[in-house]
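Working notes, structure below.
Each chain carries a letter (A, B, C, D and E) given by its place in the written order, and its residues are counted from 1.
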Amino acid sequence: MLFADTVVSDPAVHKPKVMLIMLVVATFLLTLFGLNDTIYGEFMRPVIGEPKESGFFGNVATGFVLAIIFVINVVLIGFAAFRVQILIVWLELLLLFLAFFYSFGLNYEFIQSKIWFMITQGVFTTLYISAISIVLASIVAIFGAVAKLSSNGFAFAIASFYTSFFRGLPLLMQVYLIYLGLPQLGYVIDAVPAGVLALTLCYGAYMTEIFRAGIQSINKGQWEASRSMGFGFALTMRRIILPQAMPLIIPPTGNQFIAMLKDSSLVSVIGVWELMFLARTLGNKDFRHMEMLITAALIYWCLSICLELIQSRIERHYNTISH
Amino acid sequence: DEALDRVMSSGTLKVATDASWAPQSFLNDDNEMDGFDVDVAREVAKRLGVEVEFVTPSWDIITAGNWNGRWDLSVGSMTPTKARSEVLSFPAVYYYTPAALAVHKDSGAKVESDLDGKNVGAGTATTFELYLQKDLSIDAEGTPEFTYKVTPGKIKSYKDSTAAMDDLRLGDGVRLDGMVGSLPAILSAIKSNYPLRVLGDPVFYEPLALAIDKGDEAFNDKLAGIVGDMKSDGTLKTLSEKWYGVDYTSAVE
Amino acid sequence: MSTPIIEMTNVDKWYGTFHALKNINFTVNEGDKIVVCGPSGSGKSTMIRTLNYLEEHQKGAIRVNGTDMHKKMKNVDTVRMDVGMVFQHFNLFPHMTILQNLMAGPKWVRGVSEDEARKTAMMYLERVRIPEQADKYPGQLSGGQQQRVAIARSLCMKPKVMLFDEPTSALDPEMVSEVLDTMVELANDGMTMVCVTHEMGFAKAVADRVIFMDAGEIIEENDPVSFFDNPQHERTQNFLGQILQH
Amino acid sequence: MLFADTVVSDPAVHKPKVMLIMLVVATFLLTLFGLNDTIYGEFMRPVIGEPKESGFFGNVATGFVLAIIFVINVVLIGFAAFRVQILIVWLELLLLFLAFFYSFGLNYEFIQSKIWFMITQGVFTTLYISAISIVLASIVAIFGAVAKLSSNGFAFAIASFYTSFFRGLPLLMQVYLIYLGLPQLGYVIDAVPAGVLALTLCYGAYMTEIFRAGIQSINKGQWEASRSMGFGFALTMRRIILPQAMPLIIPPTGNQFIAMLKDSSLVSVIGVWELMFLARTLGNKDFRHMEMLITAALIYWCLSICLELIQSRIERHYNTISH
Amino acid sequence: MSTPIIEMTNVDKWYGTFHALKNINFTVNEGDKIVVCGPSGSGKSTMIRTLNYLEEHQKGAIRVNGTDMHKKMKNVDTVRMDVGMVFQHFNLFPHMTILQNLMAGPKWVRGVSEDEARKTAMMYLERVRIPEQADKYPGQLSGGQQQRVAIARSLCMKPKVMLFDEPTSALDPEMVSEVLDTMVELANDGMTMVCVTHEMGFAKAVADRVIFMDAGEIIEENDPVSFFDNPQHERTQNFLGQILQH
């Protein structure tokens, strides 16, 4: 949490002035959207009449009703405790999104018939490829970061070339280069190792930058103290600098992990049957790709929520120990 | 004849094909490869006396050539052109796809030329798009003649035909007024309740061939022979009727 | 008792264009206790930091415990193991408890066993009167408590030479005398010490010599009695005048 | 640079012992790779004979020769100054990669005939879509970060749902949802705005996490000092906290910018003619994908090198002012 | 001169389970100068930080400049504008030059013009004897110089009440007396001051009252003369004994 400042103002949303402002702003915005023609307008038909007749009045009326619902909701939530607020808002948003998905008119039986295969085949492949790549990329990144911070020109040059090249080229291209290029040098490499190699190199490059920023941010006094106690470079790094850099490194690294989960789908171009590949493939015959894509998207979301929970747990750990 | 040796000695024919191109090749309800192309590949393998195994690299990867023995054959409905044959060898044409125009079922268009000046979509860099651009030349042997029947106002290119159909289904003229695609694909979309209808007759026919890596004449000839046999003994016709309900194995005007 | 353990010869140091140390010369023999004093910004911290090679000097030679300190030295870690340092800004490790701060050096560098390291650590924490804070983190201590942890941390390494940079600045008078007592004990055990401080009582009690710095130069160096009772240099006289008047 | 420690050891690579070790390790590794069958082996044919005859000996010999070249090179570079070292190593690596590309046997005329169109049409589209999205995403991210750090349950819940949802769903899915889903609610949105919206929301979510980590890392004392001087929350944030968080925020943000450049290619699924779209399209007719993809990759690389240079300049600025 | 500007009534504060302030009661009238002393860790910093609501108290009432300090107060910023604070750890803004550090408050909060802010800033920098450091960054100053910047920064805001947390700890004796002189001047101008310090000279010279804290409690509160010459409480006697002996 931000500097709490020890002053928690009264929930602002309970002041009548704030409520009124919220109502006006929400009505205005929603009117701008022109909701008359939309499904929200449909609910209002009995009152406002047909789109063409109601026109601007219809827009305002629809917007106003929605705005009132919104404000009442916000005010009610304001009474709850922090954790309860979070829960309610999450649930509401979830419902909104499910309703949105619902508006696609999907075929749920079809989803049901395929979901098991997507999980056993697709999620499994996605997970093991990402997991291996993430571990390898983190290792690459630590060395890369140290090299990029070193005063050794050779190490610096290699590391900076590496980050530049593997961040600069599209991941798809790296997959191609490794899969199609290495055979030109005489190594025929399989699809999965090629994919893992490409993901490792690419994400290693991104994470090098993250680790560099984290390491760099640690106060010089910490280096001085540990070096003056005779700690070697590696010891200082491992025991003093990295643990303190963790709270800084973890959130962007979490980003990378979540992104990796989805970027691992690029290995499908070389014929690996991971989640996204299946999503695109399974729905093809019956033109049910929206069903499959949405299913895959929700599965990805679940996976990344798991990662987020793990991340916040690790973060809490490091924040507790260093305040 | 490295490839032929490899196939014969290992006893498996590795076939690269797309997994998302129904009804040519797709994953069926048992999550196995199925479709016209897949059946053709099975038949070819049977006649070679080997097992068949499918792999599904992307189109880019297959068409990059230099397969390095990762797979032996592509049964992927490729249109053989001279430029393309610098990269891959095309042993035999095994069927022809008709291309057709489709419109939303509420559309008022009656003939092809009703789409003149309208928004017409197609998969990007496909022969369909080239047709709309009036820049289509298929220099494969046995390609039937065709004429340009429509002059769209704006050509919208999509990642593939399906994306174009997704836009078309939003409603007549919402984003698109019509699209060009392969007739089988349009028909199967209609069967899957896409609110579309076919406009007029097929606009052109496209020959589609097997492909192999360059440099193995023996394999090339062997496959050409096998496909020839399959044509003459009616196997291909049966397969085509099974999957399309029509015989596409020869070009019909 | 007369082997020189620290020698600075004609040392000059610049921060950019700012001349921070000017032709510094001095020698510390084994077992010597030196007090460094002088006005704020005169270069006291800079000087004792060069002894540990935490700051690089641009001219002259520094020799510590038999090793020349220069740009290309290989064994800076072995020198530092024997030279303890208490920083003006403490520089505790914020992610480790007080006890872990104290045990880290002995365990990781000296290879002392966990138990023994804990015993030593608790012993020093008791000497500086904060054994009950052992399991807190540095961020949870008051300023003076942090300073005492910093002192204890250095002592746990059992170095041959101790460099103190204003080790009692954050302490109340009562605590100052306790910490100084601890330092006097160490002094009597024969430890070599260089201490930046303005506690004249301490200087008189244990110092072999007092060094007075101003504007990056050593202005005067003398035994404590002569230094306090009979300062030679006008600048020193003024400075001491302020203290006594106080 | 890392804590310089003021001790720069003699270039380690000039010690005979280190050289020998490097030679042995390099030979060993290169032998393991089994270079006999590769193009390197080809150069050695006169000495080692045909692959099948030479076998293990051939591998060792090829590896040994390469290792010697490598070590001589490293030793020579060791003599140069820092900047020169970097220059030489970069050039060498560049040459190696160009040689690697060359081994694909590309058709350069084809590339020449298309490159101008790729740059005028593709690069332009890619750049303007990414530039707009990046600016919008940064704005979203600042608000997101503050909300995620606030003690207001409502703000926190919305921000955390937002980051979870838009990081969790594949970007492709977001593009589809916006492009195909919004029309279901009654808004027909064009391809480019849909793409920009999707990129903004997605990257805004990632960058929210980065900004959060940066803001969180600033010492509590800084908040105390500015609050105790009566600075309001916004002022403290803008003038005290964010400037200090910059060195931490910039490197991962640079990552996101570079990644965005390439992810903007996803909008090609809805028919925007950006760089990657053209690369995949232009080569299709004649099966010249590799030519086009490599060209596109190199263009992306150039663009991201530009971003890197800008980044390092900004970083230097913030590092100088705060030491 | 007898309007109370600070009132603490039965204030208790805990850090987790640690009872840091125990039933603190005291009043500061406008223009009063209070010196707070006591051993390290006794809660001096904690107490003066609660006056600014930088620490939350759990029991009792604190009233500063007419405003009650509590969880739901709205105008904490306006209170703080009139209450200057010099932190024990300085808390300078590292990304701004010394001059910018000093000018920030007046310019951004008081709305003073650039020129005037610079003039005031330079005036206080001269008072603390470091005008030549104006364009350096805090990281480039010695400890004592930083502390002087911290003092000058607070004064630039021209607050009604100043809270000093050991404002001379990092200074040499010479500088201490200069800084104290500046503070005496302010005191004579009628500024209200609460100062944590162990400089007894200063206490004697300007303080209206001396507060002695130990273990979170106010043990003794008296005018300086009685406090030093005739301490009532045994704990105080011991503490003062240490100082005098020193």
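Worth a mention:
Here is the rule we go by: a contact is a pair of C-beta atoms (placed from the backbone, for glycine too) under 8 Å apart; a residue touches a chain by one contact, two chains touch by 3 or more.
Quantities reported herein were computed from a predicted structural model and do not represent experimental measurements.
Within the contact network of the assembly, the step distance from subunit D to subunit E comes to 1. With steps allowed only between chains in touch, the distance from subunit A over to subunit C comes to 1. With every chain reduced to the mean of its CA atoms, the largest distance from subunit A is reached by C.
Measuring from the averaged C-alpha position of subunit C to that of subunit E gives a distance of 29 Å.
We define each chain's centre as the mean of its Cα atoms; on that basis subunit A and subunit D are separated by 18 Å. Here the CA centre of subunit A is 47 Å from the CA centre of subunit E. In this assembly, the C-alpha centroid of subunit B lies 82 Å from the C-alpha centroid of subunit C. Annotation for subunit E: residues touching 2 or more other chains are 54, 89, 140. Those residues of subunit B in touch with two or more other chains are numbered 60, 64. Across the assembly, subunit D contributes 5, 8, 180, 224, 227, 290, 293 as residues in contact with two or more other chains. Across the complex, subunit A meets subunit B through its residues 113-114, 117, 121, 176, 179-180, 183-184, 188, 191, 268-271, 273, 277-278, 280-282, 284-289. Per the touch definition, subunit A reaches subunit C in the complex via residues 219, 221-222, 224-232, 235, 239-240, 243-244, 318, 321-323.
Of all residues in subunit C, only 52, 54, 77-78, 80-81, 83-85, 87, 89, 91-95, 104-105, 108-109, 137, 139-140, 153-154, 157 touch subunit A in the complex they form. Touching subunit D in their complex are the following residues of subunit B: 60, 63-65, 81, 83-84, 86-88, 121, 124-126, 130, 156-159, 163, 166, 170, 174-175.
Contact residues of subunit E toward subunit C in the complex are 15, 37-41, 45, 88-89, 130, 140-145, 148, 166, 169-177, 198, 201, 238-239, 242-243, 245-246.
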